[in-house]
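One chain, chain A, links the two complexes that follow: it is found with chain B in the first and with chain C in the second.
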Partner chain A sequence: MKNWIVALITLLVLSPIVAQKMLTRTGVIHFSSETPIEKIEAESAQVASIFEVTDKMIAFNVLMKSFKFDKALMEEHFNEKYVHSDKYPAAKFKGTIINDLDLANLNLNEFVQVSIKGEMHFHGIKKTIQINGKIKLNDNSSFDFECDFPLTLSDYNVEIPSLIEEKIAKEVMIGVKANYKKS
Partner chain B sequence: MKCLLTILLSTSVFFKVVAQDNDIFDELDQITTKSNDETIATFKSTRVLLGQSTERVRKKQLHFRVSHVFSKIVGISNFFGLDNLNNMHFSFEYGVTNHVQLGISRSNKPDKTYSGTIKLSLFRQKSGTRSFPLSITYNGGVDYKSREYTPQKRDEYLEGRFDYINQLLISRKLGEKFSFLIAPIWVHINLTDAFEDPNDIYSVGIGGRYLVSRSLSINAEYYYTIPSFDTHSSKKDTLSVGFDVETGGHVFQLFFTNAFALHPGKFAINQSGDFFKRDINFGFSLLRIF
Partner chain C sequence: MKKKIISGVLVLLIGCLIYGFYRYNKPPQNLEDVKSELFFSAKELSNEFVTDQNKIAKQISKKVVEISGVISSVEFTAHSTLVIVGKNIKCEFQKKHEDLVEGKQVSVKGVYGGFDELFNEISLIKCQITD
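So, the complex of A and B:
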């Protein structure tokens, strides 16, 4: 009996170490706002992300100031007037893959569709969302993850002045790409 | 014993769950590449109103700026000054790098002045681990006065047409809305109009802005000229108050000022009117960013 308890405790203590943790610091998040008048795009290639294979947990962190725009002025307005980067420096997401899949034993080099349910933290607002994406186990045992999803700006209190309402889409498209390697 | 173990176990499970939630974001924070934490948008325009601000033209960008100042506001008889366009100044400024910008400009009055300018961003205000409290910029210029002079000897004396401007711009953004600037300037005049006038005039500009809404700010600017010449009157130091209005790629500035000159070689030593005796002109400028 006692041995059993000791074993259980050891397992509990050790389990986070055993859990297969994959990560990247160079994930890419791209977003675009498209209206008939103007297309605005930006990209950050400094996205940090952790993927815990056994827990099916996936989390992202991106600094707003790491988004690069074509025009420096747009970048400045984005940070100063829309997402208020000094106040809310990062966007974060943490979610769980809800599909019944054994992620550690996926078919090699084959994308599998996944749904992730989790919490988005952006511009001071927390919101539960579900994202559809795909995941692939590579030969070198790294994982590729990709997803696209729309984000409604008003859900996160990002205000668009009525003067330029026609230039900025109410819903921006977010694209995420990450390649996870063992930590 | 068993009970204790159960408690221990359940708490350890509980802590693990709780810890995980914050842990994962903490862990992410640690592996996130820190991005540029320079303070942005200290001012909306490269000028506070008449004088330069620490804002810059970024790499490969071109700024075109036109400013006008109308004549002294008398009343309805001259339609509050708008009947006469008193002066016009325009400039092209190009960002060679994010820290070096070159410009050319032309000012109509008083001397039909052409200027070549250079602006160097030496330090930028930063937050975070490598924080720095101020933005410090050097602004230099050479003015060529192209007007006709009399007598002819004066007109032919080329060196007498040049003025030199050296200015340090020091600014700090305090919170989201308020920014201020201190800008000492040294103007060297190769050949003065009056014999007893000094060749070197020093002045200290102070300016600030307060953001009223996200596209509108109230600005004020004052150049204190150090009294070093007989015609000096501190009542006539340049004082300007106005607004910045920003719309996408444009910044409009509307202002009231006692100056009529619009280039630093002149307004910094301006002796043209007493703001508080209603020697006030209305002016505006338009900045287009390409």
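So, the complex of A and C:
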């Protein structure tokens, strides 16, 4: 009976640590399309993301309209002609870190490489992908996460009119940076 | 006569080129001098999203929306400020707004950026404080 109570109390005390949920609203996502003719870049600094440390689960939500461009025309074309933001307002990714790592006990201030396998939802298409990135546990117990990966536009039915085919890369580079704090 | 036509066409062509160049290089929309088209209290807008998300999203899409309410959280990024007004209206300002603090009553205009399903937040982008 006594052991039972001890076990129960231990569980209650430990449970907040076990279910360690970290989050950010201000993750940064950047994309660039580079061809010899034109370089197009945009950034959003309001990526919403949840990182569940013990479950090694990571989820992102990016609102397409939150991307900032240098030029109004680029922003308009991006939203209305390519990603159709009114119909598909967000890109989402949810995946699991597949490395055998104890993320809650990483060496402080040292990036470790991770691979995340999960599902990407973008422009109405769902695809299983693997992303390589790195993660770091900081002194203040926040986590930094960074990754870069290519995204092939045709995989997600993003059509580029043949007239401007040479201006937009078939594969765009995506970079994400996030600093997760305790919820 | 012929000369006049040629110079007329030339002027027109140059005009088109200048217009094209101007339109190509135009920076993204800034709401500073744009009038708000729809007004809500933060609570009203949040409730509308609970009642019928698709309907309200359609109604406010591409409009300049003004909301009023109390700031419940403030976060700074490298070049912007992210403020939650009321329960779940996320307003993004494209500059550091040090004067925005928790508990302050504000009126904010912005353009609807979408509904964030991860945190259940309504996003307004390109925000400006109105007086």
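Operating definition for what follows: the second predicted complex is superposed on the first by the 165 of 183 C-alpha atoms of A that agree within 3 Å, B and C clash if a C-alpha of one lies under 4 Å from a C-alpha of the other, contacts with A are read in each partner's own complex, and residues count from 1 in each chain.
As a working rule, a residue touches a chain if its C-beta (ideal position, glycine included) is under 8 Å from a C-beta of that chain, and two chains touch if they have at least 3 such contacts.
Predicted model, so just to flag it, every value in this text is computed and none were measured.
Colleague: What does the overlay on chain A give for chain B and chain C, a clash or a fit?
Modeller: Partners clash after overlay.
Colleague: Determine, under the contact definition given at the top, whether A:Asp70 touches first (chain B), second (chain C), both, or neither.
Modeller: Second partner only.
Colleague: According to the stated criteria, A:Met57 is in contact with first (chain B), second (chain C), both, or neither; which is it?
Modeller: Once the two structures are laid over each other on A, A:Met57 reaches chain B alone.
Colleague: In the overlaid three-chain picture, which partner chain does A:Ala48 touch, first (chain B) or second (chain C), both, or neither?
Modeller: Both: A:Ala48 reaches chain B and chain C.
Colleague: May I ask you to decide whether A:Ala90 touches chain B, chain C, both, or neither, giving the answer as first, second, both or neither?
Modeller: After superposing on A, A:Ala90 lies in contact with both chain B and chain C.
Colleague: Could you look at A:Lys39 and tell me whether it touches chain B, chain C, both or neither (first, second, both, neither)?
Modeller: Neither partner.
Colleague: Is A:Val28 in contact with chain B, with chain C, with both, or with neither (first, second, both, neither)?
Modeller: Touch status of A:Val28: second partner only.
Colleague: Out of 8-16, 26-34, 80-88 or 170-178, where does chain B collide with chain C after the chain A superposition?
Modeller: 26-34
Colleague: Using the superposition on chain A as set up above, list the residues of chain A that contact both chain B and chain C.
Modeller: Chain A residues touching both partners: 23, 25-26, 46, 48-50, 59-61, 63, 65-66, 72-73, 86, 90, 92.
Colleague: Give every residue of chain A touching chain C within the complex, in rising order.
Modeller: 23, 25-26, 28, 45-46, 48-50, 59-61, 63-66, 68-73, 75, 85-86, 89-90, 92
Colleague: Can you list the residues on chain B that touch chain A in the complex?
Modeller: Residue positions touching the partner: 5, 8-9, 12-13, 16, 20-21, 24-25, 27-29, 31-37, 40-41, 58-59, 61, 127, 176, 214-215, 247-249, 289.
Colleague: With touch defined as at the start, can you tell me which chain C residues reach chain A in the complex?
Modeller: So the residues of chain C in touch with chain A come to 23-29, 61, 75, 77-80, 82, 90, 92, 94, 111-119, 121, 123, 125.
Colleague: Which positions of chain A touch chain B when the two form their complex?
Modeller: 5, 8-9, 12-13, 16, 23, 25-26, 46, 48-50, 57, 59-63, 65-66, 72-73, 76, 79-81, 86-87, 90, 92, 94, 161, 163-164, 167
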